Structure formats: C-alpha cells, structure tokens
Amino acid sequence: MDERCRAVAALIFAAEHSMSLDRLCQLFDCSRSELRPVIAQLQELYPIQVGGFYLAEVAGGYQFRTDPDLAPWLSKLSRDRPFRFSQAALETLAMIAYRQPVTRGEIEYLRGVDSGGVLKTLLDKGFLRILGKKDVPGRPLMYGTSKHFLEFFGLKDLSALPTLKEFSALEPTLDPVVAAESATMTDDRPVPSHQFTNEVEPTTE
Amino acid sequence: MSIAISLHNFDGPLDLLLHLIKTNEMDIADIQMVEITEQYLSVIEHMKQLDLDVAGEFLLMAATLIYIKSKMLLPAIEEIDGEEDELDPRAELVRRLLEYQRYKDAANCLDQLPCLKRDVFLRQVVASDADGDRVDDDISIGIYQLASAFHHLLKHSQVKFVHEIVREQLSVADFVHKILDQLSRCGQQSFADLFPNGGTRQEMVVTFLAMLELVKMQMIKISQSADFQPIWLSLAVSSTEVDPANLDEGALGYG
Amino acid sequence: MDERCRAVAALIFAAEHSMSLDRLCQLFDCSRSELRPVIAQLQELYPIQVGGFYLAEVAGGYQFRTDPDLAPWLSKLSRDRPFRFSQAALETLAMIAYRQPVTRGEIEYLRGVDSGGVLKTLLDKGFLRILGKKDVPGRPLMYGTSKHFLEFFGLKDLSALPTLKEFSALEPTLDPVVAAESATMTDDRPVPSHQFTNEVEPTTE
C-alpha cells in the first residue's frame, strides 16, 4: 500500500470517533473521489471476522471496531458492566429514532405515560439532540437522535435502522392530532432530520 | 386469570393492555371490551389493595376502557344529521395499541443491534493531548449540552446571590435630634405622628430606636390616658438642658 | 484464523494498556507456550509499515501502534482536530448565550473563576462578538453570541434556545434554581439581561 493509504488507516485507527470522508479529504487535501478507492482498499485489508477487528462504516464515517461475535471474550476485559437500557428508555429511543423530529407530547401520546425522566436520561447519555422548536402553539422542543446514537448501535446512518415492515405501512395512521401537527411543520426546521451524517463535529477553519 | 401482575412490570397502560390482549389470545382488531375492561380493572384494583401507587395514566386508561365499553353496549342510533360513518368506538384504542406494539418491536430491534461496550469495542483512546481543560467525553455538543451547562452553572454556582442592599446610613442620632426638635417646638406629639406616611421601614425602625434612646436617657416622657388611646410624647427636661454633643452616634452606641 | 487468535487480537486492540502475555494466559486460561504461536501469527498479520498500524511489543506486552514513519500525518490530526468544548468553555458560552449582553466581570461573578482565557478562546473561534461597552464605571466590554454560534448549534435565532423552564420540565422535580430563574423570565425566551445580579435569585423582601 502507498503511504497515503497507510496514513488513512493510521488516522482512522488513531481517531477518537468515527472519521468522516470529508474530514479525511480535509486532512489529505484531496477530493472525495480520490479517497473512495483508498477506503475500499482498506475495507478489503481489514474485513470483518478475520483479524479480530475490522474497518466499519459507522455514524457517517469510518472506525475500527472489534468483531461482534467476539463479545463474550471482550466482556471479560471491561471492568464496568455494560450500559443497559431500561425497556422504557429503549422504547422511547426507538420512537424518536423512527419518527424524528418528534416532541415530548407526541412521545407521551404514543407511550401513554409521562416521558420527561426518560427523555432527560437519554439526553444526558448523549443519545438525543434537541432539533429546535416546533412551529405550533407552545413551540415545544423537537427531539432527534445524535451521532453518538449511530455510533453506539453501529449504524452507518439513519437509513440503516432496521426496517419494520408493518411499521412503515401503518405509519401514516398516527392519531389525527399528531398528523395535523406534522402537516403544519415548517420547512425550515433548524436541522433536517435525515442529514445526520453531517452532524460530525465542526472543523476549525 | 392469575393477577400476579405488578404494574411496575409494565411500561404503561398500553403495555398492560397489550399483555392482557395477548394472554387472552384476542384479536387486537376485535378486542372484547367487556372482558378486557374487567381484567384491566381487577389488576388496578388489586394494586390498590396492596396499597401501591397506581399511576394516573393507568387510571385514565381505565376510564377510557369503561367509556368505550359503555358506548358499545348502547344500541347504534341512526344519526339524524346524516353522519353515516359511525366509527367503531374501539378504533382509536386499536390504532394506539398497534402503534405502540410497533415501537415495542422497534425497541427490540434496537436492542439486538451490536451495542458499544456490550458487543463491540473500540480501541481505547490513549490520552495523548493532555493540554488544556478536560474535554467533554464522546458527546458532540448540541443545544441540550448548552442549556445543561447553564443549568449546572446556576445550580452549582459557588457564589451566593444575595440581594444587594444599598445601605442607607440612617443615623439614630439624627432622629433623636429630630424628635427633640419637634418636641421643643410643640411641647408634645402623638406617637403616631412620629411615623409620617411614606416613611420607609428603615426610617420607622430608626425613629423607634431614637425614641427608646430618649426614654432611656430620661429626656422624654411617654403617657397614655387610657388603653387604646393615643400615646403622647413630651419633653422631660427643659429644652435648654438638651446637649446635642452627648447625642452623637458614638455616644448612643450605634457608631 | 481461529476464534482464539481473533479474540487475542481483539483484546489487544481494545485494551486500555499494553497486554502482557501473562494476562492473556489468564484470560484464555492457557499456558504461555500455547499463546506464543498465536502472537507470532498476529505479528505476521499485522506487520509494521504495511497497513498503517502494527502489532508492537512494548513494555512487557503487546499493543497496536501506528507506524512511526506516519507520525507527521498523525500530528496533523491532533493539530487540526476540531474544536472541542471544555466544560469551562461550554459553561461560559452558555452563560453568554442566555445572559447577553454580559460583561467579563458578570461571567466571573457567576462562574467564580477567572474567565479571561476562555473568553479569548471563544472569541477566537468566532462564537462571540463584542456588543459594546457597558455604561458603568470602567466601561467594561459587553459580550454576546455571534452568527457562527447560531449556525454551529443549528439555531434559527436566539429564541430557539430552550428556556430553562423547558429544560427543567424534563425533570420530575422542579428544582428551586430554575424556579427562581424562570420567575425572572417574563418572555418565553432567554432575556437579555442588564440587571444581572438581581435576576438570579428573587429578592428576599
């Protein structure tokens, strides 16, 4: 491999978080199209389930991670117990992941229970982001998932979320109130919910 | 049906309802309202007997179930104003249950994804740059973190915020002179007149202190003809005996 | 490679410090002589100057390290790394965002520490702008947030910042700090405050 290729591998290896293609382009002062083959070459060199860890595409970037099937071995390593979601937290997170941007009121209608505490926990753990305020009376805060959410679940982007067949089929039939609210959603929301890959930390010019 | 159900095992009324529908092997689209309502209420009742807090949401759902049940028991009346699409009273509930079921499934799906620090591990970051302040861990900064920081700041601020008082230096001595002046001029004065309207609380306190000082020094007399009658202040010495030099702040002990 | 071999690689990769042979023996419940060939195999798989990083033998153990000759690229990474907020920077920025216009003295009064350095960093990074001089003795500079601040946080304008009341609504128990704080906010948005000291807690009269 040429030096640039090795350097890309080393940078992804050394970086704290998943490394976006844009950031790599910036560091190497070259175009995306120049780097894409380099990434492809590295993915071939570091495939899953060969060398213990692999080059994964995660949260809008690239990252080395251990093979998931080795989890039993690795759990011996970490002293602290892995973070576990409560059922309530997981449900709430799922609703937000699939329906974002979504307000607390909408979540509570869907869950049938007060969700302030769960929301706060998820926000504190960095799984959620506030996407702005909804343009309806009361201007409630809108929530969405964060980059950390993608990294945590090893998702490339939101489109990589497992598709739920019936889920999408039945989605339009949410309660009329919420549906009406969604209809009045302004187009210029602060952050388009689907562009999560752009949420990577801003770079300094 | 056994009622060995704890409400705490359920994430909410929808969760409990789904559980009951499943245990009864009912079709979610055709819920037997009488049966389900009965079972739901008995669970709630059971919890109450155990003196456990039954969250408001569970009671709200109970009310909804009873309402739907009673609506279904009523004979379908032809709407006079031609409103034909008489909805199944259960429709809204069924829709919510299905929706909820979907997110429960979605939650399971999420849980089965390989999670960081449970299934998948990253290279431990070697702390190479020890410069500057400790950086925030792995959370990209957003509006929430900003609001949170401000909240934290207010909550844990070391600074004690006290109302800043601009101390007016009201001197007891000044008020002693003021009272003596007034009494020298008009011989006697009612207690109430010492406190003109519009005086601040501080002024009132200082005036009262000044009056007490004068009594202590036996320079004024206080008299009252009967209970609840006006209290009168008068000079106990001739006005020429008053020596202003003895009446400065220091002498009065307020220095 | 067999699973144990992959697991060894993954453990060395994910470990906090270099992994000694003894520790590996302990984790895999086997002898050193059994593990030596595994290590040799991995050293072959991850040689120096081929894939960007390699399996190095260091201080009584094994560790993956980036190739030394790639150091210039890696220092570029740490040099050009995106601006990371320290807690101090975040607090200061938060305070300015919610309290603008605000002077350095007022910031330091609330934070209880010297904030000159943090202010300078935030100014340099373009998050702040100087709004003028306050009409009090000494005529201190007044700070506010910049347009870049809004862009960075994806805010349409300052009114899109969640109020502390909205923030605390996530918590089941409304804490007194926020109760007091909200009481001073007549409008449903962060209010530019000129009378800073009087606003934090209600007067006790």
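Note that the chains take the letters A, B and C in the order they are written out, and that residue 1 is the start of every chain.
One rule holds for everything that comes next: a residue touches a chain if its C-beta (ideal position, glycine included) is under 8 Å from a C-beta of that chain, and two chains touch if they have at least 3 such contacts.
No experiment lies behind these values; they were computed from the predicted model shown.
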Exercise. Of all the chains, which has the CA centre nearest the overall CA centre?
Worked result: C
Problem set entry | Remotest chain, subunit A as reference, centres from CA atoms | B
Problem set entry | Averaged-CA centre spacing for the pair subunit C and subunit B, given as whole angstrom | 32
For this session: Just give me the whole-number Å value for how far the CA centre of subunit A lies from that of subunit C.
Result: 18
Exercise. Approximately how many whole Å separate the CA-defined centres of subunit A and subunit B?
Worked result: 36
Exercise. Which residue numbers or ranges of subunit A touch two or more of the other chains?
Worked result: 13, 64, 66, 74, 77, 123, 130, 132, 201
For this session: Could you tell me which residues belong to subunit B and also touch two or more other chains?
Result: 121-123, 141-144, 147-148
Problem set entry | For the subunit B and subunit A complex, residues of the former touching the latter | 11-15, 55, 57, 61, 92, 95-96, 98-100, 102-111, 113-123, 125, 138-144, 147-148
Exercise. Tell me, which parts of subunit A touch subunit B in their complex?
Worked result: 13, 16-17, 63-66, 68, 71, 74-75, 77-78, 82-85, 87-88, 90-91, 93-95, 97-98, 109-114, 123-124, 126, 128-130, 132, 146-148, 151-155, 161-162, 164, 166-167, 170, 173-175, 199-201
Exercise. Which residues of subunit A touch subunit C in the complex?
Worked result: 1, 3, 5-15, 26-27, 42, 45-46, 49-53, 64, 66-67, 69-70, 73-74, 76-77, 104, 116-117, 119-120, 123, 130-133, 139, 141, 188, 190-191, 201-204
Seminar exercise, completed: Listed in rising order, the residues of subunit C that touch subunit B in the complex are 10, 13-16, 64, 78, 84-91, 93-95, 97-98, 109-112, 153-155, 160-162, 164, 167-168, 175, 177-178, 181, 197-198, 200-201, 203-205
Problem set entry | In the complex with subunit C, residue positions of subunit B that touch it | 121-124, 128-129, 132-136, 141-155, 157-159, 161-164
